[in-house]
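Below is the structure I would like to discuss, written out as structure tokens.
Labels run A, B, C, D, E and F following the written order; every chain starts at residue 1.
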Amino acid sequence: MSIWEYANPRKFLQTSERVMPVLWVSSGLLMAVGLIWGFFFTPDDYRQGSTVKIIFLHVPAALMAINAWFMMLVASLIWVIRRHHVSALAAKAAAPVGIVMTLIALATGAIWGQPMWGTWWAWDPRLTSFLVLFLFYLGYIALWEAIDNPDTAADLTSILCLVGTVFAVLSRYAVNFWNQGLHQGASLSLDEKENVADAFSNPLYVCMIGFGLFFLAMVFYRTGTEIRARRIKALMARQRQEA
Amino acid sequence: MLPDLGKYSETVLSAYAASLLLLALLVVLTLWRGRRVRRDMDTLEQRMRRDG
Amino acid sequence: MIALLMRDLRLAVRAGGGFGLGLAFFLIVTVMVPFSVGPESDLLARIAPGVLWLGALLSCLLSLDRLLALDWEDGSLDLLATAPLPLEAAVSIKALAHWITTGLPLVLAAPALGVLLNLPLEGFKWVVISLLLGTPALSVIGTFGAALTVGLKRGGLLLSLLVMPLYVPTLIFGAEAARRGAMGMVVETPLLMLAGISAGVIALMPFASAAVLRINLR
Amino acid sequence: MSLNVSDLSIARGGLPVLEGISFELKPGQALILRGPNGVGKTTLLRSIAGLQPPLGGAVSGGEDQIAYAAHSDGLKSALTVTENLQFWASVFGTHNIEPALQAYNLTTLRDRPAGALSAGQKRRLGLSRMMVTGRPIWVMDEPTVSLDQASVALFAQVVRTHLEAGGSALIATHIDLGLDARVLDVGPYKAAPLDIDDFDGGFL
Amino acid sequence: MIALLMRDLRLAVRAGGGFGLGLAFFLIVTVMVPFSVGPESDLLARIAPGVLWLGALLSCLLSLDRLLALDWEDGSLDLLATAPLPLEAAVSIKALAHWITTGLPLVLAAPALGVLLNLPLEGFKWVVISLLLGTPALSVIGTFGAALTVGLKRGGLLLSLLVMPLYVPTLIFGAEAARRGAMGMVVETPLLMLAGISAGVIALMPFASAAVLRINLR
Amino acid sequence: MSLNVSDLSIARGGLPVLEGISFELKPGQALILRGPNGVGKTTLLRSIAGLQPPLGGAVSGGEDQIAYAAHSDGLKSALTVTENLQFWASVFGTHNIEPALQAYNLTTLRDRPAGALSAGQKRRLGLSRMMVTGRPIWVMDEPTVSLDQASVALFAQVVRTHLEAGGSALIATHIDLGLDARVLDVGPYKAAPLDIDDFDGGFL
């Protein structure tokens, strides 16, 4: 049995119907556990005080924002190469989830920045490239919305996604060159003291997995919706043509 | 009930509130549209099957 | 009249109607400012009110070419001109629809973008107030420009050229009010002037726009 | 009320194209305009519809009585068939769009966005607009462009009904509509070229 | 190929062709900056290189919607696609024509506008050089955006939204080079990066643009 | 070389519109496509011209042989008649535009900007483009829209000459051109609707 069998819309709908409950429950559970653990049962950081609790939202959201784009890239490639409609629709379904994750990362980051850096926003490379990512999401979604013919829209958005990825990476380097940052380094250690980091890392891992599963659940569900919407469109067009 | 968040309580709470709000918004919109589309498709399919 | 307003609003929010694009443009222009002038936050704070005003003005400007030209191209304008609705009313309503779909969202979005530019805290209020007073004038003046260029294919750039000089007074008073507000100074005079311009323009401009449109339809 | 055109001269792009056109169009009558490409039919109809001032002569009896259909249909591709028609109905202060939809066989297309219609379907929608204007004098410029024969027949039928109800129609067309109507060939009214030395205030 | 280039250039300079409009827009945006941020000359001098780059970028952006859409609307693009000229070549030539009619005039005009903004003396050279290296990339990337939105009526704003993020690397390196030059610092790295981006984009982007155009023509 | 269309199926907006179309077009022949509005003639011609991939079936013999004329003429209003035509001639690598101008009676309009032509004059200019492509197979979509009868006759004459010279023509039209040509009514090839439960990868 080949994996491509799930590229049939009907088969996808049937399968996702079975997987959905598992995904909903597990993601809900893990997110709840992770966030409650992080919010209620972690100590304050000696420098950042209680603001460190924001990390349980901020980091998983940032992670998923990037991964969502990556998933869209893969799905777009699959559509371009193998032309499975489900994969194009999955990319379409993922974009709004990705943009919400980006917004959460931006919002929590901005709120966190106020006490830590004394400003809501700084043109730090990491933050800036996130803002650019947000713009890419906006353009991608706007292009889907603007084009009427579904196959054309799928083709064009896939190409935009491919080209956009290249330019997003380029922007990342450009931004790095342009301004040196304030932002935390890309490691899980919050400060030099290893043991403190440990206390935060476990709930953080739980949250990350929870956010990942949540993303999957949303994408599955939304892909189903997109499939149905696409089918409605096709049915209505048929109905009119027969008339 | 709430842990002691010290002088940063506003910051932390608003970060959690904003994020949970955004997540909830996403979920609600997704489910709302999902339900509607599913219902529309079912009625349309039935009608078309009936009319041949 | 209401039919026309509803149609325009509906067209704006339909697929491809361009609702929200003005907003996105505003966001992008604002983001690009630091890329071009550099990331120093004190510099950004100083130019923030001006950038917000200029950004709003440009987004407004760029959405103008859809305002009448689409109706011209598909022939609706010919038909509207022979309909029992005075052309003056038609252009006013189109300007109103433009403001609702473009100007108003810009006003609401300005504070969020102010954050990106380190706008001083006192500035937020005045930026919003001055934009709220100024954007209707931008829409109405823009309608005049759109009427002038309606017969030209993709006349967007020419439209910008014609309209920009007309925007100068609005921009000067608007940006001045926002800037003074951000620096904690008195803003009354520029705000009053701004309100005066808006009121005058809303009352008189539609006649000019309708006249121009009639000439173009000939 | 009848439409009176007397000694009308019209110009396009600053050059006179037709001159000395006179006719009367009574209720219940139709008049077909013919003439080779570029002779100025479109220009004439626009003048009669009041979109363009004539060079000389007069058009009377047409104020607020004329519904004009141009080369383009004024359709919004993002709006559905019903929405498009409903809009024009409200602008002209009428309400019932059903007869128009039925007359042009558009009822099954009613919820389709106008952008997804074929050329002929769009044209039918454009023509159906005339019926919701509630105006007696129809002025139409090549109404049958892109229509197949069945649709042309539909159109002719609609015009006949309109005439019976006391309306009138002025139609520029190259084809034979099968209407019982007078034909006016505008070819002979082509403006004589002015003397080259005649260089007056209007540069005409 | 030459026929296409000549036609595009000829169309640009004919009445209504839009040649010079980009330039005029550039001028007006630059003039509006002092109106909006205030007239202090030290402030203007600091932001001058950035404003020039941003202004050039915006003028370039706004002329993009004519680039392919006019040909699409009148059906030329359908006919070109069935002509014996590969679409990749056609889009490259169109980008070239766009650069000649828009980018090049901007580069030449930048020094004059620099004067208005108190650009420091050393800045002139680097602003011109960086624009000269960067504007071709703007035209080519813009062609891609124009191809994406070619089927949309008045898709100008969406076009901006799609293209602006793609412009970010070019803008950053270009403006950085100009800014460093104006402050008398070393400009090699950003200039090299800018040249690299231009070269890469000119070599590869036409394939993407042609692919997109083919999809849209379907 | 002859154009072969075998078992062609085409879709528009993701829906099949016509299926199972086969015909052969030999040099010297013309084929007229007929069918009601919206049946898919335009779509068919676009597929044959290679602008749109077919759903199934094949078109052969057309590579670099087809000159396509669409609903729109691809004219630039700012360029003169000669410049417009000259441009297409250079793109297709031919040079002499005089015969084309003469055939369509455009010589007196040669220095006029295309924007100042009437609807029918524009169309004639658009049609004259076919003659400068130097390609043998002409594929034309409603070529006579807006043409008066004299111009239709001109057009028919041009097509006849082209056929005599060994060219061929595929023309979708609603009117009678007076050509000696086979007629293919595409109505019967309308795609049969799929079963409602047939819900495959293509949603078709």
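Keep this in mind: contacts are C-beta pairs under 8 Å (C-beta built on N, C-alpha and C of every residue); 3 or more make two chains touch, one makes a residue touch a chain.
In UniProt terms, the chains line up like this: A = Heme exporter protein C; B = Heme exporter protein D; C, E = Heme exporter protein B; D, F = Heme ABC exporter ATP-binding protein CcmA.
Please read all numbers here as calculations on a predicted model, not as lab measurements.
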item	value
Between the pairs A-F and C-D, the one where more C-beta pairs touch	C-D
Interface composition of copies chain C and chain E: same or different, split at half	same
Distance from the mean Cα position of chain F to that of chain C, given in whole angstrom	45
Approximate Å spacing (C-alpha centroids) for the pair chain A, chain B	16
Computed distance of Cα centres, chain C from chain A, in Å	34
Residues of chain C engaged with two or more neighbouring chains	15-16, 21, 24, 28, 35, 73, 153
Numbers and ranges of chain F residues touching at least 2 other chains	13, 71, 196
Set of chain B residues in contact with two or more other chains	45, 48
Interfacial residue positions of chain C with respect to chain D in the complex	2-4, 7, 10-11, 14-17, 71, 73-85, 217-218
Chain D to chain F touching residues, read off their complex	13, 35-40, 42, 71, 116-121, 123-124, 142, 145-151, 174-175
Chain A - residues contacting chain C, complex	110, 119-123, 128, 131-132, 135, 138, 142, 145-148, 178-179
Residues of chain F touching chain A in the complex	13-15, 17, 193-194, 196, 199-204
Complex contact set, residues of chain A against chain F	7-10, 84-86, 149-151, 230-231, 233-235, 237-238, 241-242
